[in-house]
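Here you go, one structure.
Chains: A, B, C and D, in written order; residue numbering restarts at 1 for each.
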Amino acid sequence: MRAEEKVLKDPVHNYIHVRDPLIWRLINTRVFQRLRRIRQLGTSFLTFHGAEHSRFAHSLGAYETMRKVLDHFSRNFGREWDERTRLAALAAALLHDIGHGPFSHAVERAVGWRHEEWTIRLLREEEELRGVLDAVDGRFAEDVAAILDGGSPHRILTSLITGQLDVDRMDYLLRDALYTGVAYGRFELERLIRVMSPGDGDVLVKSSGQQTVEQYMLARYFMYTQVYFHPVTLGSDLLIGKIIGRARKLWREGRLAEVPVFWSPWLEEGQESRGVLSVEAFLAMDDAVFLAGLHQLARSDDPVLADLSLRLLHRRLFRSVEVPGLTPEAERMCREAFERAGLDPEAYLGFHTAVVDGAGNREPVWLTDGRRGRINLFQVSALLQSLAPVAVTRIYYPEDLLDQMGERAKSIRALLASLAEGFPEQREEGGNVS
Amino acid sequence: MRAEEKVLKDPVHNYIHVRDPLIWRLINTRVFQRLRRIRQLGTSFLTFHGAEHSRFAHSLGAYETMRKVLDHFSRNFGREWDERTRLAALAAALLHDIGHGPFSHAVERAVGWRHEEWTIRLLREEEELRGVLDAVDGRFAEDVAAILDGGSPHRILTSLITGQLDVDRMDYLLRDALYTGVAYGRFELERLIRVMSPGDGDVLVKSSGQQTVEQYMLARYFMYTQVYFHPVTLGSDLLIGKIIGRARKLWREGRLAEVPVFWSPWLEEGQESRGVLSVEAFLAMDDAVFLAGLHQLARSDDPVLADLSLRLLHRRLFRSVEVPGLTPEAERMCREAFERAGLDPEAYLGFHTAVVDGAGNREPVWLTDGRRGRINLFQVSALLQSLAPVAVTRIYYPEDLLDQMGERAKSIRALLASLAEGFPEQREEGGNVS
Amino acid sequence: MRAEEKVLKDPVHNYIHVRDPLIWRLINTRVFQRLRRIRQLGTSFLTFHGAEHSRFAHSLGAYETMRKVLDHFSRNFGREWDERTRLAALAAALLHDIGHGPFSHAVERAVGWRHEEWTIRLLREEEELRGVLDAVDGRFAEDVAAILDGGSPHRILTSLITGQLDVDRMDYLLRDALYTGVAYGRFELERLIRVMSPGDGDVLVKSSGQQTVEQYMLARYFMYTQVYFHPVTLGSDLLIGKIIGRARKLWREGRLAEVPVFWSPWLEEGQESRGVLSVEAFLAMDDAVFLAGLHQLARSDDPVLADLSLRLLHRRLFRSVEVPGLTPEAERMCREAFERAGLDPEAYLGFHTAVVDGAGNREPVWLTDGRRGRINLFQVSALLQSLAPVAVTRIYYPEDLLDQMGERAKSIRALLASLAEGFPEQREEGGNVS
Amino acid sequence: MRAEEKVLKDPVHNYIHVRDPLIWRLINTRVFQRLRRIRQLGTSFLTFHGAEHSRFAHSLGAYETMRKVLDHFSRNFGREWDERTRLAALAAALLHDIGHGPFSHAVERAVGWRHEEWTIRLLREEEELRGVLDAVDGRFAEDVAAILDGGSPHRILTSLITGQLDVDRMDYLLRDALYTGVAYGRFELERLIRVMSPGDGDVLVKSSGQQTVEQYMLARYFMYTQVYFHPVTLGSDLLIGKIIGRARKLWREGRLAEVPVFWSPWLEEGQESRGVLSVEAFLAMDDAVFLAGLHQLARSDDPVLADLSLRLLHRRLFRSVEVPGLTPEAERMCREAFERAGLDPEAYLGFHTAVVDGAGNREPVWLTDGRRGRINLFQVSALLQSLAPVAVTRIYYPEDLLDQMGERAKSIRALLASLAEGFPEQREEGGNVS
């Protein structure tokens, strides 16, 4: 009887297969279990109610996909890595997101963290995790980190985690599509893996797999335009920034009566930069702590902070208007109009420009065939060439407050209308799809 | 141009259709938005990692299913209710779960609440919700409550929310199956609705739909045995009870240094029975507040409370052994063995008996056909008759602590082994499926 | 670089993986390619229009499932067969249906063939196929045949092709469910395989897999009651028997002006029993030849044969009435009533009794667990015990002709009504589902 | 109780809903039932074995999609047509493919028919069908024909059957994707319908639906490149042309000993153009008659015709090599090389150029929004602009014969290699996917 294979039921891959005891032990660390309390898509659940899944599920899926890719490389191309390197690659795929905090992109923007750095720091410093990794050997944690941060000699393994054809994206597109309920993110995972082969430092793609890769790249494009950059989600992220901004201001001025439990790293500027943010404090920060803190802030004496917090809890979000672009002058005019109307622009006015690069930053994707050698897919695919970066700029504001203000809001409305001139009407904020 | 139909993308029903402005306003109340922060399946996500969906999504699905059933009754049988009653039925389906708290079944057991009562209380007392309902008319809230609690003259509407063929179950089976990733809960929803017809006070089923109903009942049976009553989930629920029990004890004895924010209703016994639990306090209790509180308790001076809290946060769960049954004498022996070994049985020993009644309490399901009048499906279906209630009893305990105790755990192990004699070995705790 | 793995895209299994050149060569034989022209579900496409798939697709699926089961036995239990036996098992799964003719069950009943015998005969006698098998060695064809007919010492391999847990059924339930569009046939294939283990001569099932097997058995039960034994399909099969019967009668009497091409084996009784049916003649018989022949028969001088043939081509099927049972006396009365009304009962009256045994003939399914040894699932599963064989008897007749006959049909109608007394009204013939 | 709604179970749409008795009667005509015997994708089942579905299923799906679109226009925009026009639109969607013969594209090319003309001719001339249509009124058949051929004043209805956003394509993309097993053809049908609105003579699309339409257009592009124009399928079509060509030649020269039953329209040139092809003869031509005829031709005295026929029956297809283009001179050189080697180029050499226009001939798709009026999607979508027509040229030949010819094939091989210079290696002919 063999070492038992463990399986975890998964709605995307059917089963996650775990054969290596190391992987099982990593899954059971507190660092990894914490990912259950961090939503994969941040505030997207306020737009697509099904998108309530966690980074825990996604991380398992990224691991499973890496397992399948390495299995394919070994089975069909005889490309094997030594056992230790194979484990490091699987561990890197599993752990690539451990440095995320709650509502990561929104909060990171507000407080200036980088989740990639925290992932590496946890790999090095968190005791339990380090213990599991050190049980392989004393260099193992560093080798996992090197695959993640690009310092590894196994460039191809790094590219499988953060490249055009990486297991991170392969899992999240399928998973986010399933949970949101949209068809946009679907692509042929098994065929994509089949057309991939291991090159020297890169993944190569059989030329007959061109359309398979195109479909996968388009899945990404559609998920960005339809889901990740949905104006309601961007507005929710912006609201998180407003809440943290207001709370920080009050705290700095000594006017925040009650600091929500475990929130101090978000309030005290520079904890991170001064290196005083401990691993323990970091690990306590998850979606639950963030949302529970909002309940506390919603009872704040400061009416603005209370209002902003309740907006997120009760989904009374800002509305947006799309504009052709924004000059500093236009931004200033908006701020002044808000101030004149008695609305603090720091709290109630937001500008946001989203840039979708459908082509994933144009990093090459190498096609090969027996006769022609290798060629960059971007050179031969008119479809991918067409995916130029597109910038969309929006102004966010609380439509409900404007309604209540009546006449006083008139000049704000006139200004917004003139800035949006000639642009499509905003999507209704109501449903999640127009 | 008509009153616009709003839609919400949903992974189960594809779209949730909202045409009535009342329903839209109800969705936007804080009472309903709060359901986003309450997991549909409580601690099941610790067993099936995909099961992270909320009661918000399920409630929308129950509403959508009710909409489809009423539409079918109207379109194919000409059975219409007056507009006000139709809206009440839709509202009742949408709001049927608003009285749930976090980890509902586990916590309710620990503190003695009933979510059905809270649903009614919120309908009557919560100001914002009441305002939306009163805008129909002053009796409307009571009529919605009556459909939910069985006091309505429209018995068939009540049965569509809590009967053998109810929209609650129809949605949750499909939704929980999708999110956990198991196929067990699937049944033919559209065909089930098609074979249903409106009787006087009951739903009737065409006799040719017998197998369709059987499949639906079996979906329920399988979901209970495979998912809802999974031993790991039951053990997680039991752990929640232990945590609350320990915290209450310490609080009562004045030894709980820090009360987690918004936790007092769970600690002070009898808040509910004495009627002192306010609507505001109730609404603050959600999964986030519960889990954030665990972080606080995990830092408690009391090592037992800290350990129990960390067990849930880090998924270091109790293990279980299945036993043929338990006499009071056997329970006493277990407790004494734990005490002798220095383990507090209040904290570390649990007994649990799960009773699955595959037939859903045997309430009749009425088949009809032109010639024979109506007949109870339970009389003619050998399949359903076979679904007798089955009780499974398990003893829960911390295997890891026993491991650390070495020799001291010997008599506990011997006792558990003797009680489990002749029973199947426990499923491995590791994966979520054996 | 390895021997290349070939894949075939499949809507059920996603990909069929072919690594052994032998399997690829078998797929490319004319015997196997012929299965593309034989519908998997015979006349079911007249009831469920999606069910147009062939035995070719199913046979690939059975092979793929066998491949997965053997892989699981090897990977998780170290149970290996020698390479030659492994190939024989895969070949047996692939070829198990090659002896089927068009509309197999209906035609076999009419002319007295057995497809199992033809499968063996082709394995032994068809030159091209034999050549591929003999390339392994001169005993190989016999060893494949032995796995199929139960003569092999590897009893477990036979049971994997025709047992309670066989790859034939596993594929056809999923495939037929997909193509008909019903959810009834779905079960958890991957989990079912996972709970299976190799015993000495049998497949064993982990006791924790009880519900998985129950679900699979119920999938079979529902597919039989809802799809395979649908009254419209049974009536279509019966019509095929009537056509062949009429054509044979005319041929015997020298009144069949034109014998459809390649039809002689169906017309000349006893070709088979007298051993004069050649392999070549057998291989020419497929759905296309059968249906093209119907076009020829539809132009027959005999109005009855022409009418019956057009009925199948144009889907003007018989209607049925369900009766509690039929005595020889009752059958005689029906025949006489038809004769009196001028309708030939040989052509226009049919009796059919379908017996569904939900439990698949009660062959044991062995559960195992560490403590109790092995136990038959039928002993412990109340669900499976409830699946007693059920007989349903129906009388088939041409409702449209009765309509045209007006008064003359009165006594036929009265007789049918009295025989059906107390039974549910027939399903409407029109749609495929009531 | 209403006029009963009939339903047909469907793997794509779940149910096809039929409420209008006219539609039910049309489904039951022999003209429509004949479509059960004509594969939707012609020879594609030789490449993708799952693609065995018929035009019957697709036609029901096109009808169902039309029903949904008209329902959406009525419900959400109040756009109603009079009952008679609504029925004509539904009938046109249902009947749009009745003029197809077996392996339509391949055979049409060989014999010079146009299925669109046969559809109209059947509408006008086939007695049973005409009877059903005339029961509405004497102009109804013509009005259905007018919607199909563009002569109707209701231009928008025509565009819903043959336009960029037509129900024909909507159904076939989803259906062909399901049956082949590829994900490429999937798009969000319900959302696509939701963003459509009725303009004056066109369908309009909400500007927020741009990506939804792009996804749908790309589904078409991928299905063409990956499925419809798969080289193996194109080679199978080419083989059909070779068979018919050879049979015609022999027939013309009086050397075809046996004419397959019902095959004369394919053999006698100009039956169609001389108007001598009767409706009866046309209706007898289906896949079954075609394939049964192949069995007859496979027994022909002419070895070439016998070989070609067996190639299709046993899937021994031609191989192809992709070339950058072909001059008449190059074609002549190929023919001569074949002749010199003793292979008849009429029978064994084929040239084929496939042109995929991903953008569906660039017909405009009109986006609208409140502010900007209407704009052609092709003007604003870089993605769609990138879908330029692409031509792929291939030479087909029997690799197996070349193998047998040894040295004699050397110059053919050299020629093919030189023509293919610099082009990707051909996909292996073996599996259906590379």
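The working rule: a residue touches a chain if its C-beta (ideal position, glycine included) is under 8 Å from a C-beta of that chain, and two chains touch if they have at least 3 such contacts.
Remember, predicted model here, so these are calculated numbers, not experimental data.
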Copies chain D and chain C - interface residue numbers shared by over half, same or different: same
Selected interface, A-C versus A-B, where C-beta contact pairs are more numerous: A-B
Centroid spacing, where centroids are CA-atom means, of chain A and chain C in whole angstrom: 51
Could you grab the centroid distance between chain A and chain B? Build each centroid from C-alpha atoms only and quote it in angstrom. 31
Please list all residues of chain A that touch 2 or more other chains. 4, 7, 14, 182, 433
Would you identify the shape of the chain contact graph, picking one of line, ring, star, complete or other? complete
Which of the residues in chain B end up touching chain D in this complex? 1-2, 4-5, 7, 14-15, 75-78, 190, 194
Looking at the complex, which residues from chain D come into contact with chain A? 182-184, 186-188, 191, 195, 206-209, 211, 214-215, 218, 222, 225-226, 369-372, 382-383, 385-388, 422-425, 427, 433-434
Chain A-facing residues of chain B, complex: 4, 6-12, 14, 18, 24, 28-30, 33-34, 36-37, 45-46, 48-50, 52-54, 56-57, 60, 178-182, 260-262, 284, 286-293, 295-296, 310, 313-316, 428, 430-433
